[in-house]
Amino acid sequence: MTATTAPAGARKYDLNFARWVYENVDGGERMAKCMQCGVCSGSCPIGTQMDHGPRKLFMMIRAGMKEAVLTSNTIWNCVSCYNCVVRCPRQVPVTYILHDLATLAVKEGYAEAKQADNARFAKAFWWSAAKYGKTDERLVTMKYYYSFGFGEFIKRGRANQKIALGMIKTKRMHLGMPHKVKKGGELKAILAKAAEIEAKKHG
Amino acid sequence: MTKKFTYYPGCSSEGSAAHLDKSLRAIAPKLGVELEDIADWNCCGASVGHIEGGHLPMMALSGRNLAQAQAQGPQDVATPCAACYLNTHHCNEQMRASERLKAEVNEALSAASMNYDANLHVRHICEVLVNDIGFEAVEAQVVKPLKGLKVAGYVGCQTVRPFAATERGGAYDEYDQPKFLDNFTRAVGAEALDFQNRTACCGGSVSVMSPEKTLHLMKNILEEAQEKGADVISTPCPLCQTNVEMFQDQINAQFGTNFQIPVVFYSQLMAVAFGLDADKDAALNQQLIPAPQIAKAAGG
Amino acid sequence: MTNQGPSSQTILVVGGGISGISAALEAAESGYDVVLLEKSATLGGRVAQLNRYFPKLCHPTCGLEINYQRIKKNRRVSVFTMCEVDKVAGGKGDFTVTVKRAPRYVNTRCTACGDCAAAAETEVANPFNHNLDKVKAAHLPHEMAFPMRYVIAPEVIGTPEADKIKAACKYDAVDLDDKEETFEIKVGAVIWATGWHPYDAGKLTSYQYAAIPDVITNVEMERLAAHDGPTGGKVLRPSNNEAPKRVALIQCAGSRDYNHLAYCSRICCLASMKHAAYVREQHAEAEVDVYYIDIRAHDKLEHFYRRLAADPQVNWIKSKPARIEAGEDGRPVVCGENTVTRDIYREPYDLVVLAVGMQPALNGRATALELPVDDYGFIVPEEAAVSAAGVATGPLDVSMSVQSATAAAMKAIQAVSGRARQ
Amino acid sequence: MSDRKTGVYLCGGCGIGEGLSLDQLESVAQENKAGLCRRHDALCTEEGVALIEADRANEGVTDLVIAACSPRVMTDRFRFDGTPMVRANLREMCIWSHPAGDEDTQMIADDQIRMGLAQVTRMKTPQPFTEGEWSQRILVLGGGFTGMRAALEAAAAGHEVLLIERSDQLGGFARNASKDLPHKPPYREPQPNEIGKLVEAVQADDLITVKTNCTVAKTAGMPGRFEIDLDQGGTASTETVGAIVIATGWRPYDATRLGHLGYGASPDVVTNVEMEKLLAAGGVTRPSDGKAPKAVAFVQCAGSRDPEHLPYCSSVCCSVSIKQALELIEADPETSCYIIFDELRTPGQAEEFYRAAQEKGVIFIKGKVKSVDGSLKVLVDDALLQEEVPMEGLDMVVLATGMVPNSTVADQPFENPEPAVIQVTDDIDPRSPLTFAGAEAAEKADPAARPMMAGAPLLNLQYRQGPHVPILADGFADSHYICFPYETRRTGIYTAGPVRRPMDSHEAAQDAAGAALKAIQCVRNAQSGEAVHPRSGDMSYPIVNYNQCTKCRRCTVECPFGAIDEDEKDYPIVNPSRCRRCGTCMGACPVRTISFENYHPEMISSMIKSVEIPDEFDEKPRILILACENDAYPALDMAGLNREQYSPYVRIIPVRCLGSVSLLWISDALSVGYDGVVLMGCKPGDDYQCHFVKGSAMAKERMSKVGETLKSMMLEEERVTQMEISIADSKAIAKMIDDFVETIDSLGPNPFKGF
C-alpha cells in the first residue's frame, strides 16, 4: 500500500485508478479476473447492508469511480467471514481487497472513512497493539466508544455494563495495567521501520 | 509420542478467551501435544489492524512472532485463535510466495535485528488435532463420556475459511459443512446436532463495534440451536464464543427471544470428558452463561 | 466380428459413446476394420442417458438406433463391451494394446428373455438412472441396450441367489465363473473417445446437493424427464413426488471455476434451456428461473435461447448463486445477488437443478497411458495414429463430438493406410 | 421362382414355444408353400444356426423365414449373406406383447408366418449398381483455410484432390488476418497465423491440383462421377470427380448497415475484419490521423444476435476481440482495451483466453451500446453499473461484426433459368415457437416471409431439384441432424467450415477432416454400389419400370435427396449413387412403377393381403400398422421387451420410411377388409426427426388426400391415421394403439370385409 494518492479516473472507464488498485492493493492483481458473477455479494452475511457489495465495487474500480469506491460503506461492512474468498470462481481474495481499500480510504482522508466504525475501532485497536504489543479488549473498547464523544462513551459503556461486569467476574477481562510484550521497544522499532518502507515504496 | 509445537496463544488468551487457553493447555499433554509459547509474542493485528496500521506494519506484527518462532526451532507453529491463525498463516504464505514481501518484512524486522526465512508452517490447533492427533486419539482419552449432551457445533467462519481445504491449510475439512467439530463432539461421547448454521457468521469484529448490524446473524444461530434442543453450543473460535455468548441478553431484548444457551469451546468439552477438573482445567467457571449440563452429562 | 484377427490396418476405438460409435462407423464404412471397446455393459455412453437433445428436442436413442443398425450390418466393426484399455505399447501401424475385460457373468447365449431378472431378488442401485432407483441384480442395462444382453451385478456373485439366477436361465447363458481377464490386440491406430463424467455435485458444498433432496443435477434431470427413467418421464420433486411449481436452473455448477472446473463446459446453458422446456411442457403453472453468468448459446443455438426466452414463465437472472439453504419447509432456498438489479435474493424453490459440468472420464489415467493431455485432462492429440474424439478432447456438444469423431476417423485412416506425411 | 425353396424356422425359446402352438404355425407355413419347416428351442444358439446352415447346404433352402425374435436383435447370428431372409417377429411383437395361449395371439403369429412367406418369396438379393467408370478424386471448393485443410486431409488419405479457388490466390480470409486463436494448452496467447505454411503444403502436394481464378459453371452426374464444368478466367474445362467438399467460408456482415453503431461516422470506427488487416500489417494506427490508438473499444454482437441483422451468434467474435485486444496490448502495454458485450462467449478451454485478457488489463463491460458518434463517444447502457455511461477519449472503436455464410456466390447475380425449380431448399425454421403445457400452440411463421439468399449457386447443380445446395434457415448449409452433422440433402456433397456453422479455425480444421472423410467414404461406396448413411451398405436402388411410367414427376419432385432427374422426354432418371434408398419415390409413384429388388409395392401389397381377415361376425377387427423401421418399429419392439400389452387386432409391417408408403397399400388394405390403417412414423416439420429428411412429411401430405379416397369408398376418414411416434414412445405406444382400436370399434367393421 502506497502512501501516495491513488489517481482518480478522469472520466468513466479511465483506467488510471483501476491500474493503480491492481498494482497497489493486496490481491488487486487477481481482482482483474473478476467476471462479475455476484457470488461474493451474494455470500456476504450482511450483504443487504452494503450499498454496492464487492462485485459492483470492483466494476466501479474498473470504471475509475475512485471517490464512490472509497466512500462506499461496502468496505466498512466486511465481517471477514471469507465466504466470498473461498467461493469466488476466479479466486479473487475479496476480503483482503476490501481490507486494503479501507486502509486506502483512511489514508486518503475521506470523511466517510474517518467516521466509519471500523476506522474508529481500528484506531483504538492499533493504539493498543502498537503501544503494548497486545490487544487489551477493555481499553480498546473504551477508546473506541470514546471516539464517538463523551456522551456516547457513557451511553455505550452503560449499555454494555452488564457484559463487562460478567467478563470481569469470570476473569475474562482484567482491571489494572494492560498485558504487554516484554520488548516493547523492539516492536515499536519494527513497526516504525515497516511504516517507513511502506511510505517510501511508491514515493 | 509427544509432538512439540511452537504455540501462539494470541491476545484473547489473556482476556475474553482465557478459558480456551486454559482448557487447551490442560488437554494438550493428554493428547501428546507439547505447547511451547512464542517467547514474547505480540498481537497479530486481528481483522482491523491494517486499517490504521497499514499493510506492511500489519505483516510485520506476524513477522516478529514468526521470527521468534524460528529462533525457537523448526517445529510447526500452532494457534487456537481463528484470527491469529488467519493473519499469521496468511503472512507466512505471502512471504513464501513473494520475495518482495519477504524482503520488506525482513527489512522491518532488521530494525530489531530479527529475521524470518519463511520456512515454518503455521497451523490451526484444530487442524493439528484432526491431522496429527486424530479423532480416535481424542476418543481414547475420554473417561467421562458426555452422554446425552446435545451439542450444536458452531464452527464459525475463520477457523475453516479461507484455508481449511487448501494444501497448506492441512486440507482437513471443507468450507460450508465442515465435519471436524461434530467429530470432536462425537469423540467426547456427546450428540452432534445437525446444525445448519455451523459456518454462519456471527458478525466477527463488526459485532464488537456495531452490534446493531449483526445481532440478527447471532439470533439466527441461537434460534436454530434452541429449536434443535441444544444443551450447549460448541465452537473453536474465540470471537464466536464471546459474541454468541455475550450478546444473548441484547438479542433477547431486541427480538423478544429468551435465549440462555451456554457457548463453550470444544477444548472445554474435551477437558471434562478427559476427567479433568471442571473449573481448574475445563474453565467452565469462566462462562458468562453457566453450563451445568456438561458436568451433569459427565457425571451422570 | 471380423473373421481374421486385428492387424496393423485395424483401428482401435476406445469408448462406445456417441463419439466412439461415430468414429468406428465412419472408419468402417470407409473400408477399415475397427475394434470398438466399451467399458460398460452397453454402447451408447452418456447420450443413451439423455432424454432429448437440444435444440431439436429429439431423442438421442433415435440416432443411436440408426448407428446400431449400421453396426449390425457392418462386418468390419467388432464390439467388445466391459472392456478397458490397460496398456498401449508400440507405435503407428504396430500398436499392441492390452485390454482388460471385466466379468459380465452372462455369455453370448443370452437371449434377453428376462428369466434371470425374474429369479433375482436383490436390488442394486441403477447406474443408468444415476442411482435414482434400483434394478434387479440380474438386469438389462436399459431397453436400448446394445448388445441386447443381461448383466449380473457383482454383489450377488458367490451367493445362493446367483445359483438361483443361473438355474433360471434356459439357455446356459449365466456364467458365474466369469473372471476378469486381459488380452492383447494388434492395431495400427487408436482413437480415444473416452468421453466424460458429470462433475461431482457433492464438491459444491455451498449448494448442499447431498443434504437437500430437491437439489438435483442436470444429468439426473435428464433421467427424471426420460420415459424410461425413475419417474416414467414426469419431472417431479424427489422429496415428495409432487409437480414442481418453481424451478431454479443453476449454471456453472462447477464450471468456469478455479476451485472446480476451470473451463466452461459449453453445453450446460443449452442443456438447461432444454430442462426449462421439459418443465414447461409438463407443468402449465411452473415458473423456471435460470441463474447464469453468461448465456452461452453459441452459433445457431442462439435460436434455442430465443425460443425459451420468449416464454414469460422462464426468467433469466444474471447471477451465480452463492449458496443454497434448506428452507423451513425443507424446500431449497437459493441465495445470492442479482447482478443487474443488485437485489440480494433468497428464493425458495420446489426443485433446483445444478448444471454440473463435464469432466474428462480418462482423467487420472492419461499419464499411465502416456496420452498428451492439457491441464484439465483433455487429450490434445499430437500424431495421426493416436487421435481423440468428442469430449475426451474438450467440452463439446453432440454435434461437435460427432464432427470431431469423423475427423479422428480420418486421422486414423491416414495412419493405417495413407501416405506417411503427418 | 421354381428353383427357390423357403425354409421356415420356428423358434420355441423366450416363451414362444409355451405361448403359441408351433404345430399350428407349422401347418400355416405348409399351407403357404414353405419348402421346409423346422423347429428349435433356441434358434439363436450355435446349434440352431447350424441347423439353418445345414439346410442351406444340404436341402437347397434358398430363402429363410426365421420366426423368432425381432429383426433388431441376434443380427450377428442370423446373418446369411446373399440369402433373402425375413425375421418374423414372434417374440417382441407377439408373445411378449400379448397373452400366451390365447387364440388372438396365435392368430398374430399365424399371420406373421403368412406375411413372412409372402415377403421373402418376393425378395431378391440386390445386385449393386456398379456400371461405368468411377472417380476417386475429391473436388474441394474454396481455397481458404478450411478448403486447404480438407484438400490436405484427403490427399493424406491417398486421394487426388482438385482444389478450386475463386480469387487469384490461396489463403482466403486468413491470408489477410493477423494471429490465430489459441487452441492448444495453455490457451492463453494468440498464436502465429500459419496460413502461409498451409499454402506451401498444398502447393507442394503432388496429389493436389490447384486452380485459382476458377469457378464451377455447372455440376452434373452423381457421386463417383460428378461432371464439373469449370470456368478458369474465361477458359472452360470439364473435370470428373467422385465427391465434393464445399468450403466456401464466410463473409463479414455488411457494416454499412450498422450506422447506429457509428460505422461510417468516423474512419476510426472499423470492423473486426478491418482491425485484423491493420494488425496483420503491423503497428496499428488510427485511419484518421495515423496515430497509434491508446484506447480502443470493441463492440460485440455488432449485427449478430440481432433479429434485424443476423439472428444467430457468430461464435468467434468474443474470442477474436480478445485476441485483437491482446495484440494491441502486446504492441503497447499502456493501451486501454474495452470489450463491451451482452453475453461473453468463450466456451470450453477458451475460458482461459478470457481470463488471460483480464490479467493483461482488458476491461469487459456488460451492456448494450446505444450509439457511437463521430467523435467516438460510445454510449453504453452499462448493465452492471446500472447507468448509462458515455465512454469518451477513445481512439478507435471496433465493431465485432458477424459471419455470413457463403452458401451462394453472393456477388454474382443469378437468373433463375426455370422459375418452377426450387431455388434454395430452406425448409427448416429453428425460430418456430416451442409448445408448453397450458399454452395454445403458437402460430408458425410464414416460411415465405424468410428471405432466400441472393446470388448464384455454388455448384450450379444440374438436378431436377434445382441448382443450389440446400441450406437451413439462416443460410448455413446442412445438416439439420444433431447425431449426423455431415448428412446433407445432396449425397456426395459435404460442407465444411463456417459455411456450415459459425466456427473458429480449430473447429474448421476438424470439420475439414470430417468432411474430407465423408467425401472419400462416399466415393468408395459409390464405386461398390453401396448406399451411404443411413442405410449404409444397402445395395438395392430404385428401378423404374418405364413401360408403366406416366411421367407424373412425383418421384423426381419428392425425392428428398434430388436423386432422380428427368430426361428430355420427362421420364425419371435415377442416379443410384445419389440415392439413399428410403423409397420415397416408390411411395410417391401412383402406378407402382418404382421398386427395389428387396422392397417393392407388390411385396408389401402381398403381405397386406396375406393376412387372414376374420369376417365381421367374429368381432375381430384387423388394423394394419405400417411402421417406420427406424423409430416406430423399435418403439414397438421395446414395448414388447417391457411386456407392454396392446390389442391383438393389429398387424405390423415395417417400412423403410413412411415416405415409401404408397397410398395404394391403404386402399389395398381397406378393400380386403382391414378395418383401419395406421401409419407410424417420425415427427415431420421444422424439427423433423425423419432420417430421410421429409419422408414422414411426404406421408402426411399424401395422407391429407386419403380422405377423398375414403369418401369415394364410402368409408369414414377416421379409419386411416398417421401417428407421430418417436423411438422413446415404448411406454406410450400400447395405449395409442388401443385408443385407435377403440375408435375403430366404435365405427364398426369395414363393410368391404369378405368382398
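All chains are identified by letter, namely A, B, C and D, in their written order; residue positions are counted from 1 within each chain.
Please note the rule applied: contacts are C-beta pairs under 8 Å (C-beta built on N, C-alpha and C of every residue); 3 or more make two chains touch, one makes a residue touch a chain.
Computed from a predicted structure; not experimentally measured.
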A student comparing A-C to B-C should find more C-beta pairs in contact for A-C
Nearest to the mean of all protein Cα atoms is the Cα centre of chain C
So, in whole Å, the Cα centroid of chain A is separated from that of chain C by 49
Whole-Å distance, C-alpha centre of chain B to that of chain D, is 65
Distance in whole angstrom between the CA centres of chain B and chain C is 45
Note: chain D sits from chain C at a C-alpha centroid distance in Å of 23
So chain A residues touching two or more other chains come to 35-36, 56, 83, 86-87, 90
Each of the following residues of chain C touches two or more other chains, namely 206, 256, 318, 323, 339, 342
Where chain D touches two or more other chains simultaneously, the residues are 344, 366, 384
Chains touch in the following pairs A-B, A-C, A-D, B-C, C-D
Given the complex, residues on chain B that touch chain A span 11-12, 14-19, 40-43, 45-57, 59-61, 63-64, 86, 90, 104-105, 107-112, 114, 157-158, 161-162, 165, 175, 200-201, 203-210, 213-214, 217, 242, 246, 249, 285-288
Per the touch rule above, chain D residues touching chain C in the complex are 13-15, 41-42, 44-45, 69, 72-76, 153, 155-158, 184-187, 207, 305, 311-315, 343-352, 366, 383-384, 386, 430-439, 472-474, 476, 480-486, 501-503, 507, 509-518, 520-521, 524-525, 532-534, 536-537, 630-631, 634, 638, 641-642, 682-683, 687, 689, 691, 726-732
Per the touch rule, the chain C residues reaching chain A in their complex are 206, 252, 256-260, 293, 318-323, 335-339, 342, 344-345
The chain A residues in contact with chain C across the complex are 35-43, 47-48, 52-53, 55-56, 83, 86-87, 89-91
Within their complex, chain A touches chain B through residues 1, 26, 45-46, 49, 77-83, 85-87, 93, 95-96, 99-100, 102-103, 106-107, 117-123, 125-130, 133-138, 141, 144, 162-163, 166-167, 170-174, 179, 181-183, 186-187, 189-195, 197-198, 201
